[in-house]
Amino acid sequence: MRILVVNVNTTQSITDSIGVQAAGAASRGTEIVPLTPSFGAESVEGNYESYLAAVAVMETVRAYREPFDAVIQAGYGEHGREGLQELLDVPVVDITEAAASTAQFLGRTYSVVTSLDRTVPLIEERLHAAGLSARCASVRASGLAVLDLERDGKAAVDAIVEQAAQAVETDRAEVICLGCGGMSGLTERVVERTGVPVVDGVSAAVTIAESLVRLGLTTSKVRTYAPPRSKRIVNWPPRAG
Amino acid sequence: MRILVVNVNTTQSITDSIGVQAAGAASRGTEIVPLTPSFGAESVEGNYESYLAAVAVMETVRAYREPFDAVIQAGYGEHGREGLQELLDVPVVDITEAAASTAQFLGRTYSVVTSLDRTVPLIEERLHAAGLSARCASVRASGLAVLDLERDGKAAVDAIVEQAAQAVETDRAEVICLGCGGMSGLTERVVERTGVPVVDGVSAAVTIAESLVRLGLTTSKVRTYAPPRSKRIVNWPPRAG
Amino acid sequence: MRILVVNVNTTQSITDSIGVQAAGAASRGTEIVPLTPSFGAESVEGNYESYLAAVAVMETVRAYREPFDAVIQAGYGEHGREGLQELLDVPVVDITEAAASTAQFLGRTYSVVTSLDRTVPLIEERLHAAGLSARCASVRASGLAVLDLERDGKAAVDAIVEQAAQAVETDRAEVICLGCGGMSGLTERVVERTGVPVVDGVSAAVTIAESLVRLGLTTSKVRTYAPPRSKRIVNWPPRAG
Amino acid sequence: MRILVVNVNTTQSITDSIGVQAAGAASRGTEIVPLTPSFGAESVEGNYESYLAAVAVMETVRAYREPFDAVIQAGYGEHGREGLQELLDVPVVDITEAAASTAQFLGRTYSVVTSLDRTVPLIEERLHAAGLSARCASVRASGLAVLDLERDGKAAVDAIVEQAAQAVETDRAEVICLGCGGMSGLTERVVERTGVPVVDGVSAAVTIAESLVRLGLTTSKVRTYAPPRSKRIVNWPPRAG
Amino acid sequence: MRILVVNVNTTQSITDSIGVQAAGAASRGTEIVPLTPSFGAESVEGNYESYLAAVAVMETVRAYREPFDAVIQAGYGEHGREGLQELLDVPVVDITEAAASTAQFLGRTYSVVTSLDRTVPLIEERLHAAGLSARCASVRASGLAVLDLERDGKAAVDAIVEQAAQAVETDRAEVICLGCGGMSGLTERVVERTGVPVVDGVSAAVTIAESLVRLGLTTSKVRTYAPPRSKRIVNWPPRAG
Amino acid sequence: MRILVVNVNTTQSITDSIGVQAAGAASRGTEIVPLTPSFGAESVEGNYESYLAAVAVMETVRAYREPFDAVIQAGYGEHGREGLQELLDVPVVDITEAAASTAQFLGRTYSVVTSLDRTVPLIEERLHAAGLSARCASVRASGLAVLDLERDGKAAVDAIVEQAAQAVETDRAEVICLGCGGMSGLTERVVERTGVPVVDGVSAAVTIAESLVRLGLTTSKVRTYAPPRSKRIVNWPPRAG
């Protein structure tokens, strides 16, 4: 089975980290194909960049020439998953939704800890769109940007661990979803500090995608995710830079 | 005052209709500037096309070189308004939201009547995102595509009038929002048949945009719609075809 | 176009302030007619007084002998708007609802800052009844009564500015609606302190009423706001004192 | 114990019926005092009349000169209960809420069957305000006015029984609340036809008022129902006609 | 009239306290029969024990050989009431629901104060299942176990009074429901400290059960609480130890 | 990895069917251990039987003497999952929740089709408790009992297929969850008739349990599912019959 794992930003090192994380969660026999969009922002932290990522991820998948069995959209709180579902029959799994869905099996409530405050509304909307917000205790931000996580690991980890602890103590979260990728050791640190299970979205998405494929399940095509109707589309996709 | 009215699809005749409708609702002294995106689908009826429209509308506004006072996104149930709000300080008004917001002043409940069934979920999500779904009695589809409205006026009008009547009688709607543009006479027909007020989104959006400008109100920049952070964006925007 | 702006209390100086505020927001050609009820409380701060205001406003409008194009009920969180809508075909706009509806175009969430804590539930119920509570981050009270605003401007302004700041910082409001009228300079002070847009209900209501009239829209008469049935009403209205 | 049972309309024969119904449900030792407002509509079927009833009921209770232990507001879906709670320390029970609260102990869901369609929204709002709408399967109208119930018993009973049956079969109601008073035999007929328990609001309210008094419970005065503040009220109450 | 009041745990002294409380609230002519289950936990503080209590209460009632008119399940936030309703035609009243339902007549919002934090989710779920959560301001825990209440009255009372005060001041509760039985003086202490009405669930349940019986109302049998179908049940009930 | 799959009723042939279904979905290396409770009803169709099943399943798992890695509760809409989670550290997966969670990845909405109408409320409550009801379009019943499925395959299949079709056409479901086990061919028939993906709860639960184990995730123990406190439990568990 081959699963495409598409990063939402154009930073290759983050794609690499996501690929490693995904491969670590995959079963034997599953091939993980990490992909970086050919256009878009180096990190996605707001609606403009997220809408751009939505179309970039779609074009990245459309441009992929080999067969594949499932697609994972590896960004936290981003737009676009519904568009991919229109374009494809194979399962599409968003990591925000994969993490929340998994967390709900482990505790009565969960919180998401993410990077910047401005991405909190995006994550909240994504959880709502997926029907997964009823048991969300809170979405909390560490105040550090995505690329800060790459640059200053220590401060970023501390800030995230602190927010996770507050989610458990103040918001009554029983599970933590980490809404920021690419850092080794983060999960362990949060588990240590809070004593609750910590779900990594990329890993969760890999197991869900594998499960859907193994069960022979595909995206419903009756209404919301019916294929785009045949029509003229002008000046799109853009020619590669 | 100058208001940009941006079509979400690339069909010039629809942009023209929207422009006429907007100009008809504008106060003296308001200049309506209708714009057609330089890329995207000839009609927008689903998530893929809608995400594409979101970025196309944003790039269309970014490419506009004159000063302006407000922007209207003239598509029903489309993605993207939040991105425009990040990019701009001036008010941004989506016609789906303008219609619903206006309808709520006229009756306890309202329904939206749109073209294809597959766009119903998009409109529902847009109303939710805008905090306007509590009094929405239903979103109903006539089953006819956007371009059918252009081609076979009579059948399209009949189908829409019929759904409007059912919204009032079955779903208890007290106001109808027409979620499909470009047809003269449609409003009158629905009023005649149902006896309830009918709100046209483009007209409503023009009066709301004018009102916000006159009151000196601009988009809040503290969190969700803060300007995009400074960062590298690769291969974007696409070079015009 | 003539718009009646009806105060909910019997204090003429507040009616005057409201009139000035309304006139400042009106387009050229719009005549603002401020009205004071002939009975009721000197300020409205609770259900008993608010129900009394509801009928007093209705009788004030019924007693008005000239033609008019719209009515604004200028009280924050008061009962009665639905009754006016039964009595009239022309648009009726409540300032609580006008402010919230306007705020929703400017930010993802809004808060209302009002005078006394006891009026908070009234405002919350009004927002719910209007279908505008989903994006309400909080309704906060300064703890100062309506008439204190008239008497001790400085302390009242400080208390309100402080609550607005907390709404933005703690409750994540992106827009502030001022739920208390009659004070010059208040809006500027709150904008300065919080950096978010501040909506004045009276001004917002004037632009909405004008817009509805210009669009030719009137109150739906099919169900909730159908005219009262013909029947015997005993000992009412009261003879003027 | 003395309980005031206040009719919301000015039709004495309806007050009499309500009084008989209340007395039939009262314990030995409870004195039922039925009261008719001195002003207002002969039947209450809409917001204008309901707001008028709200203040009329309040003035009726304020004008009552003997001690009493509780007040029942005997109208279905009417405004005003919150105002009475401000004016009084003794318990205030609205029959709409009493019926729903009682119904919830008998089945998982309940429906209300009332007279005119236009009163449906009023009842829905009242149930919401009381926190009792979550298990409400539907509010259905027979299409017959309050006074028709007095005039043509047979047709009115048939129409109500039919709506009750549809509530059970279509809306999955497990209990029926009768939102219209004054008809002997109605309860039995609905029970016979539907096989579900039928709750009469007046009777339910009497037992609830008695229970609250026996338990020594009174209205909370900390916030929403704090007594009106001392202030000048102009030209009110009206002098009796 | 005879009302069974069934304790959910197997501690006889708690059954005795409940019996005294119930008898104190009962009308003359009502016989209160306190019952202790023959199996289960000495206190119920979690799902495992609560599910066990659910079946133990049901078997206790099934084993009772005399006629009775109503059953009260005297545990806070426990499972099982729906099962009793299937088995019986007579009214079944859960004390959690009785307290909340009563509180809603006294204030706009209420809070529950209970013993251990781990029982908070159970109470929240029970209130939801009964359609009574909309006006619940909070469920707060004192941190002391059920049996601590029996052993160290002073500390337990202090902790509960403190949480009640916070519910009123922070969560805006207007009424307090005490979610823990068996302590004399507790109600008075909370009233003294907070100034709001305090509802005891056992007392409230007695008056509600009496009311339902007096009104001739019984459990609806059309769907959710239809009697169990006739079928083979293996190795159940267990032989008494 | 060893997964216990516990039937909720005492019919061995149903346990066998469930075991076959589970084994078919399991990965190589996963051992499925189907278990039948030692007490309880031969089929579970209501609250009394479901509460009994809850404790029977818990005792069945407690009595199991070998190590295991996860538990699946294989009943649709039954009580008890929360109790198992208190007793165990390893993941516990309810098939109702597994099916809904899986369905949400395949379409915007899903419906459940089950056997008897009386189990509909049980399933609705279970989905609510799991935070999975927001995207549930409907829960529909075929009107045939669990054991009828075993006895008259043809009629049962037809009735279920018909309800599934109505869920898609009338309720706008995009995915169907089959809330009744033990029938070969059912999934294929529903797919054929409706064209939407059909999720089998047992299969979905197996893949989810495997995924949680592979990711090293266990039940959160901080609050709701903390282990039962140490205390005296009387006359329990019952001695085997």
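For reference, chains read A, B, C, D, E and F in written order, and residue numbers begin at 1 within each chain.
Convention: a residue touches a chain if its C-beta (ideal position, glycine included) is under 8 Å from a C-beta of that chain, and two chains touch if they have at least 3 such contacts.
These numbers were taken from a predicted model, which means no experiment stands behind them.
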Requested in this report: Mind listing the chains that sit against subunit C and also against subunit F?
Outcome: none
Query - Steps in the shortest chain-to-chain touch route ending at subunit E and beginning at subunit B - result: 3
Query raised in the report: Quick one: which of A-B, E-F or B-C reuses the A-F interface, over half of the residue-numbered contact pairs in common?
Result: B-C
Report summary line: Whole-angstrom distance, CA centroid of subunit C to CA centroid of subunit D, is 30
**Report entry** Whole-Å gap separating subunit C and subunit E, where each centre is the average of the chain's CA atoms
**Finding:** 44
Report summary line: When centres are defined as mean Cα positions, the distance from subunit A to subunit D in whole Å is 53
Report summary line: Touching at least 2 other chains, the residues of subunit E are 108, 121, 128, 223-225
**Report entry** Chain contact topology (line, ring, star, complete or other)
**Finding:** ring
Requested in this report: Could you walk the ring starting from subunit A, turning first toward subunit B, and list the chains encountered?
Outcome: A, B, C, D, E, F
Report summary line: Listed in rising order, subunit C residues that touch subunit B in their complex are 25, 27, 91-93, 97, 101-102, 104-108, 128, 130-135, 168, 172, 174-175, 194-197, 199-200, 203-204, 207-208, 210-212, 214-215, 217-225
Query - subunit C-touching residues of subunit D, taken from the complex the two chains share - result: 10, 38-43, 45-52, 54-55, 58, 79-80, 82-83, 85-87, 117-118, 120-121, 125, 128-129, 145, 223-226, 228-229, 231-236, 238-241
